[in-house]
């Protein structure tokens, strides 16, 4: 009875469901890239194309990126890292998953009936009075799904506060826990604003109550304020846990503590807090007051500091480490590169003078894909690679995982780097047809997307393969430090045979390392 | 499609485009420098500190306050420079010169309707003279659009229910893209047009080729057609205030408070007349929302702005006092 | 948990203080109606109404919701909500209050 | 369900907690974090209210005159009383007095029902006077209010509606709680649910404390619209 809805089981449920929604979102992405091979827009009708990019955004953001790391990796690993038997509210945790599935059902309902064509941003008055698609069902789906995220956030905050093992003080926590805590703060404080915004959208669309309708004194820009008050912090919901994952991987494969632990820990909190102050930078040319634009631009610059702190500390951690050339480590270093490019172009977008030109162009598309795909999605994949032995008890193939790392990295850059150039050239986003001089760059991008797609399919195969044929991983295949590596793989019903106590700092590697066996040889040369 | 014959950089064709580009190149240089620096360090460490023996562990180095301060303060300083420079360019790009020629733009699904000060109208094309500051006063009839000319590095959302504006001064003859940059529905990608920059004399010829009634003249007709002139009398004894010379001036409102009578104020006063009542008047004016087209409102406003502060009758009265 | 039970038993909560708070809340409700009938002008009427509402909220939070004597974490989550609201208002007003300046 | 205290020791301490204290602290903190979420939910509405009132001060004052402040004040009193009776229930739980919990909850439920009853009367009147925003909205009040007066009623309905929805949810939960309390579900040691629910109910009261003056009392001082 206790094992019914333990967080590990829920993590597996999420793992399966986010994989499905990622595949749907990915299918849409493929179709989008195919359409953009030619400038004329001859593969789909324009309204079909509009539905494609809308559903791609909705699926990827609300049903993949936001739950991916917190709900899959967090649910599995967080209680283990804390030395807890479970999260604080197991039933609420299960309710989160049900809400997620109910939300997804609404969204899938609209999807099979033809989808939505408003863009994932649902800007009024397009979404309220001009779109004839299934906006209401999708908005309802996102609304319900929002509460799933809120409940996960509540659960993690309380779990981190109240369920830590004896001796596990705040500054002994793994950095993934800090990142998850910061993420949960955002989920709890930002998501309800999206909820109420969608309620207003629903009322306006269904009952003609013109909350954002200028004809009765409403202001469409207010919708954008409310929407971005959630959706900018939501970006940090997606990226913060990933930053935590990278800290874990780097600490494990350099076998040393993270350089500047406290700075990295607090930078997560700082990113979460600053994330609430900068939403107006999505609206510099929207018609918001130029004074507000300047306030938001100045505040946006603050985010550069904690982000830079993280990157430089990771870099410094490598110094005099004992670096293992494992798949997750390759990935993590690739991640840093992509995150740096994504972050720096974000700084450009936060700069008023540049944003006027590149706002709503492919420059923005490229920027947020560097953060969302290059950052969040990849970190999720690498987190799976890192904790797969813990989750399943099996090891995957070294050769094939290295190959997929390479494919993803090359494919990703080939897909999205040309889009920066397209953006500065002036190619607007959400265009179904485009002037012919942009074609070469679009073809490059589509070619890259094909490589990227291959890079996603390969891990799917060797992960499945490992379930049956992979070598047994043992407790600690990487020789990493952390409570999750002290229990069996996969962990027993109450997570630990003997509830642990902690008497050392985070990432304190002992000599010789604590590995039970030397399985990374298997990882390297297997298959 | 020729494989290597494609642009890497957009054309630079307005007075402000250079400022945007300069800022962009600065940001690009900073970004490249940091990216290369980080990549170089990672690569060197990655090679140099690779694991030699299975049992090795790294040196436990816990951090350095000095380094943390250095790599917090430097990015902060650079990003504040970006902010300051960016704000300067932003103000430059968003503040039109006082003597700019005013064009009216109405966006609707899925076309741009443009009217010149001389009254010429065009759809999805914009002919402008080179070397003249031009201000676009824009509104939308339906959803949000965005007026974007990449070669001029300008963009501004076009909203239903109010005015936004943007300005440029073209520096190159030729034809450039005009895009809608805010997603606006099914044919969003067809809401495109071209901007033709012409020599002033060619522009005059082009203007002469069209049949035109100036917005002021059209506005004057509307002013009597909608019976505005029955209340807004230049004798100042009408039930509504006289409108001459009010554009851009502040006014006291009923219930305290002040408002500057800019284009948005004038528009609001026509569409939602009772939102702001000038001190000393009654809220009697009916709304004209839904009865007058967005273009009509723009024409009315340009007529109101053309009115003299002191009408003839007014001047006579002041003299006699 | 033993110490906790003793804690509860050692001073059985009495209803008297809560009744006093109830009285204060009702009195403040009357006061806010009274204040609304007086013409203070903009923005004073709103500030007075806000002040009274905030004091009522303060009473409910402190006594009815037992924030006095709760753990620091409870206070922190209340504060985070309050700060979130403040940030929301201040930044959104930075747009609306300056929009017609030019 | 067994009344014996020893049995409770076994069953109401969840398997993943080490102690009652840990369970209690987790439960209370969880409720507070949830309330932080609720604060932001209503903050979104209040932000809309402030923005639109700033844009259309006169319309809001005229609209407010069409609400009956007496009913609003009555409801404020009723809701504050219900908060007090909720405190009675919580004190009953803290001291292990079963009947006190039940009485407190029943009274709270009754006051809640009175509140919603008054609300139904108010909504009905608005419907009759065509003051429900949307296609059927008609304004027969002072024409000076302008078209934006609809926005006042839009804000009024969505704010009080969301508040009423929270009350309905709370009353539904109380309907389940009352028989459980009668059956001795909550003891001196473990009454986390009652305390947590109490916090929720007080929060609903808090929201109304802000709604009342800013919706009902705007036009009371002659609104100053005509100077």
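Per-chain numbering from 1; labels A, B, C and D assigned in written order.
Assume a contact is a pair of C-beta atoms (placed from the backbone, for glycine too) under 8 Å apart; a residue touches a chain by one contact, two chains touch by 3 or more.
All figures in this text were calculated on a predicted structure; none of them were measured in a lab.
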{"item": "C-D or A-B - the one linked by more C-beta pairs in contact", "value": "A-B"}
{"item": "Chain A and chain D: spacing of chain centres that average the CA atoms, whole Å", "value": "35"}
{"item": "Chain centre separation in whole Å, for chain D relative to chain C (CA means)", "value": "15"}
{"item": "Averaged-CA centre spacing for the pair chain D and chain B, given as whole angstrom", "value": "44"}
{"item": "Residues of chain D touching at least two other chains", "value": "25, 29, 33, 36-37, 40, 43-44, 47, 51, 55-57, 59, 146-148, 224"}
{"item": "Multi-partner residues of chain C (at least 2 other chains)", "value": "41-42, 73, 77, 80-81, 84, 88, 92, 96"}
{"item": "For chain A, residues contacting two or more additional chains", "value": "157, 161, 189, 193, 215, 217, 219, 221, 225, 229, 290"}
{"item": "Chain contact graph, described as a line, ring, star, complete graph or other shape", "value": "complete"}
{"item": "Residues of chain B that touch chain A when the two form their complex", "value": "1, 3, 6-10, 19-20, 23-24, 27-28, 30-31, 34-35, 38-39, 41-42, 45-46, 49-52, 54-64, 67-68, 71-72, 75-76, 78-80, 82-83, 85-94, 109, 142-144, 146, 148, 150-151, 153-157, 159-162, 164, 177, 179-190, 272, 275, 289-290"}
{"item": "Interface residues, chain B side, partner chain D - complex", "value": "254-257, 272-275, 277, 279, 282-284, 287, 289"}
{"item": "Complex contact set, residues of chain A against chain C", "value": "157, 161, 185, 189, 193, 221, 225, 229, 276-277, 279-280, 288-292, 295-296"}
{"item": "Contacting residues of chain A [partner chain D, same complex]", "value": "2, 84-90, 92, 150, 153-155, 157-158, 161-163, 188-193, 195-197, 199-200, 203, 207-211, 215-219, 222, 225-226, 229, 494"}
{"item": "Of all residues in chain D, those that touch chain A in their complex", "value": "14-16, 22, 25-26, 29-30, 33-34, 36-38, 40-45, 47-48, 51-52, 55-56, 59, 133-135, 146-148, 150-151, 154, 157-158, 162"}
